[in-house]
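Okay, so chain A shows up in both of these, paired with chain B first and chain C after.
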Partner chain A sequence: MKEYFEKLKGVLGNKVKDFGVDGTEYSVLLVDKKLLKTAAEIIRQDFDVLFMLAVADYKPKFELNYVFSSYDKPDTIVIRTYITDRDYSIDTLTEVFDSANWEEREAYDLFGIKFNKHPDLRRILLPEDWPGHPLRKDFVVTDEVRNWTGLDLKF
Partner chain B sequence: METLKGIRLNVGPVHPATHGVLKVVVDIEGDTVNKAQVEMGFLHRGKEKMAEVRYFSNYYPIVDKLDYVSAINMEVLYASLVEKAAGIEIPPRAVYIRTIMAEIQRIMSHLVYIGSIGEDLGNITGMFWALRERELLMDLVEEVSGGRLAPMYMTTGGSFYDLPQHFDEKAEKALVRVETKINKDYNSMFTKNQLFLMRTKGVGVLDRYMVKKYGITGPNMRAAGIDRDLRKSEPYLAYDKVDFDVVTGEDGDANSRFMVRVGEILQSIRIVRQCLRDLPEGPYVTKTPWLMKIPDKRTFVRQETPRGEMAMYMITNGGTQPYRLKIRSPTFFALRALEEILVGVKVADIVVTIASLDPVMGEVDR
Partner chain C sequence: MENDEEMKKDEFSYPGMGEIIFMKTEKFIENVLNWGRRNSLWPLTFGTSCCAIEMMPFGTTKVDSDRMGVLFIGDSPRQADMILVSGTITKKMARRLLNVYEQMPDPKYVIAVGACNVSGGLYHDSYNTIHGIDKIMPVDVFIPGCPPRPEEFMDAVRVLQKLIKENRSKAQMDHERIL
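This part shows the complex of A and B:
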């Protein structure tokens, strides 16, 4: 487990911090979100898929937990990073991990996070004309949501 | 707007062969699919948002409806998550009860798979047979928990009730019946039926490379020949104390996905028998407060459910409710492969290809 962190630290220096092992899961904090793609490329050497992407809204910042998994070994590694600025954007991982495609679409749908250079950034679970991003903590059920019928959608 | 040769066809969302409300938009030229697009979200009920406004113990009825074909597996997963976060140890009898019920539910889920793939091929008899065998196990679940489809049997710290008296005899009776049916009758209907083989062999091939690309897990992955099962590689519950094999296929087509599930039913029967034999005495639940607070931490749990590796990631902040609960659905990832494997498939095989991935829209849309 420790060797993955050492590998990341070798390239990224003090931009990564260690959270420690919990079972088979190893958490790493990435201080700068711009380094996410570099970190993902290093992780790609040992891991096969983006297992899940858990986003949480800590107003005004977003926390993103990228869980990576491998098919040959039971290890998982969690990269945690924060979006603090107002544009709610981060680099996409689809070029490194193809399985990130729909997970990022889901995060865009429910949280409104924009993934730069994502090939197909559309809503996935909610209808295209849905007002707002419901998993944000400041989402309120407005009249627009209450009166939504879906009749305007092209089918 | 691209020029379209042939026609564009909507398969679903309200179509008996899409197993719920899955919509696939296919571009057809002649009889062959050129392009497929998967659309989902018709069963989106906001379960992740619902978790944020409910106490930890009040979320069990919601996870039941997550994957409504294998509800007990969902309950076990969520219960393990809460127990890991709160640091609760469950008694050995509860561990075995959970293993038994999870495996019985796995058999039921795979029987629904067998039945529905039979129905999609026009083999209605096969469906009725599979549901008939499932009914025997459904009766067991009903006797144990009081519920059938959404039993709500697990709770934080163990299970709601103990197993009833003479449960092992009744379970053995049902298991023997399922085993003989699968070993004998199902050969003529599925596994050695020429018509069935012709319709499923070489259809919807999902090879190793695609499995790793899309992050597919579970029986769909094992059918491509990857030997991986969380019950073996990171054992939870009582899976390290029982003896069973990981069933793998070779070709990765619809037929090997089917055969992997048939094999898994037989392995699950083995597990249930061993657990019933070794079932320890003692309490079946650790009493936990109905309202509990979990400190500020992040918990990650993943388990092997009938559809693949399901995981939950929970962020707690010291309150009585989760701050955020993320559910990883295995078929969410498998359905993405549909866009690739449907290309080049004949129109008549679309429904078989969809059915062979075993999607349950309840967990995909959450």
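This part shows the complex of A and C:
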């Protein structure tokens, strides 16, 4: 488990921090979000798939947990990084991991995070003309939102 | 006595007597059509979640829908008379539901199955579900329950048959008569 962290630390230096091991899951904190793609390329040598992108809203910043796993190893590695900018944007991982495509669309849909250079950044769960991003802390479910259908009703 | 005489007079010497005969013929044809419609309700199953699981026994031997004329033959909206909307309808699915509904030939009947389609149910406070599908389409019969038992589908069909017989279904009330 430790060797993955050492590998990351060899390239990124003190920009990564060790969060320790929990079972087979190894957590790494990435201090600078611009280095995410570099870190993902290093992880790609050992891991096969990005199987989860978990986002949490600690306003005003977002916490992003990229969970990588492998087909033939039991190990899991988690890269945690924070978005604190006001534009809420981060680089996409679609060029490194193909499964990042839909995960990032979901994060865009529900949290409004912009993924730079994403090939197909559309909504994936909600209707295309939905107003707002519902899993943000500042989203309030009003009657207007509840009764919104987006339909041109004839009857 | 006077009223009785007037009625007799009306019955036998009303000037537009031919119209009455025509109306009676129309009524007769309508009755025959309603008899045919209510005894051969082919459903379109629109199952999106757990209510659809309860809809399946409705077509099987224990609760036999065939004896009421509800035949689960091929799910095509083009040959369906009624749509069984069973399961939560999200706002994205609502467009697909209306798309299917509009393909059905008139007269068409709607049965809303389960608490989600009656009032929102478990998701009454959700931002992404339709709180009762009567907001987006005319519904004839509601089946409450989360989910309802298969027998209640049979009850709903009985109610719908009664509505069709009495010309009280939404399709017959809202749209112009075919005749």
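Throughout what follows, the second predicted complex is superposed on the first by the 148 of 155 C-alpha atoms of A that agree within 3 Å, B and C clash if a C-alpha of one lies under 4 Å from a C-alpha of the other, contacts with A are read in each partner's own complex, and residues count from 1 in each chain.
Throughout what follows, a residue touches a chain if its C-beta (ideal position, glycine included) is under 8 Å from a C-beta of that chain, and two chains touch if they have at least 3 such contacts.
Predicted, not measured: the structure shown is a model, and the values here were computed from it.
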Which partner chains sit in contact with A:127 here, chain B, chain C, both or neither? Use first/second/both/neither. both
Looking only at chain A, is it chain B or chain C that touches more of its residues? B
Is A:141 touching the first partner chain B, the second partner chain C, both, or neither of them? second
First (chain B), second (chain C), both or neither touched by A:98: first
Where does A:112 make contact in the superposed view: on chain B (first), on chain C (second), on both, or on neither? neither
Considering only the touch criterion stated at the top, classify A:151 as touching first (chain B), second (chain C), both, or neither. second
Both chain B and chain C contact which residues of chain A? 125-127, 134
Residue ranges of chain C in contact with chain A within the complex: 91-92, 94-95, 98, 125-128, 130-131, 135-138, 174
Within the complex, which stretch of chain A touches chain B? 22-25, 27, 48-57, 63, 65, 67, 69, 71-72, 74, 76, 78, 98-99, 101-102, 110, 123-127, 134-135
Complex interface listing, chain A residues touching chain C: 125-127, 130, 134, 141, 145-151, 153, 155
Residues of chain B touching chain A in the complex: 40-41, 44, 46, 48-49, 211-215, 221, 226, 228, 230, 233-234, 298, 300, 302, 309, 311, 313, 315, 323-324, 326, 328, 332-333, 336, 365-366
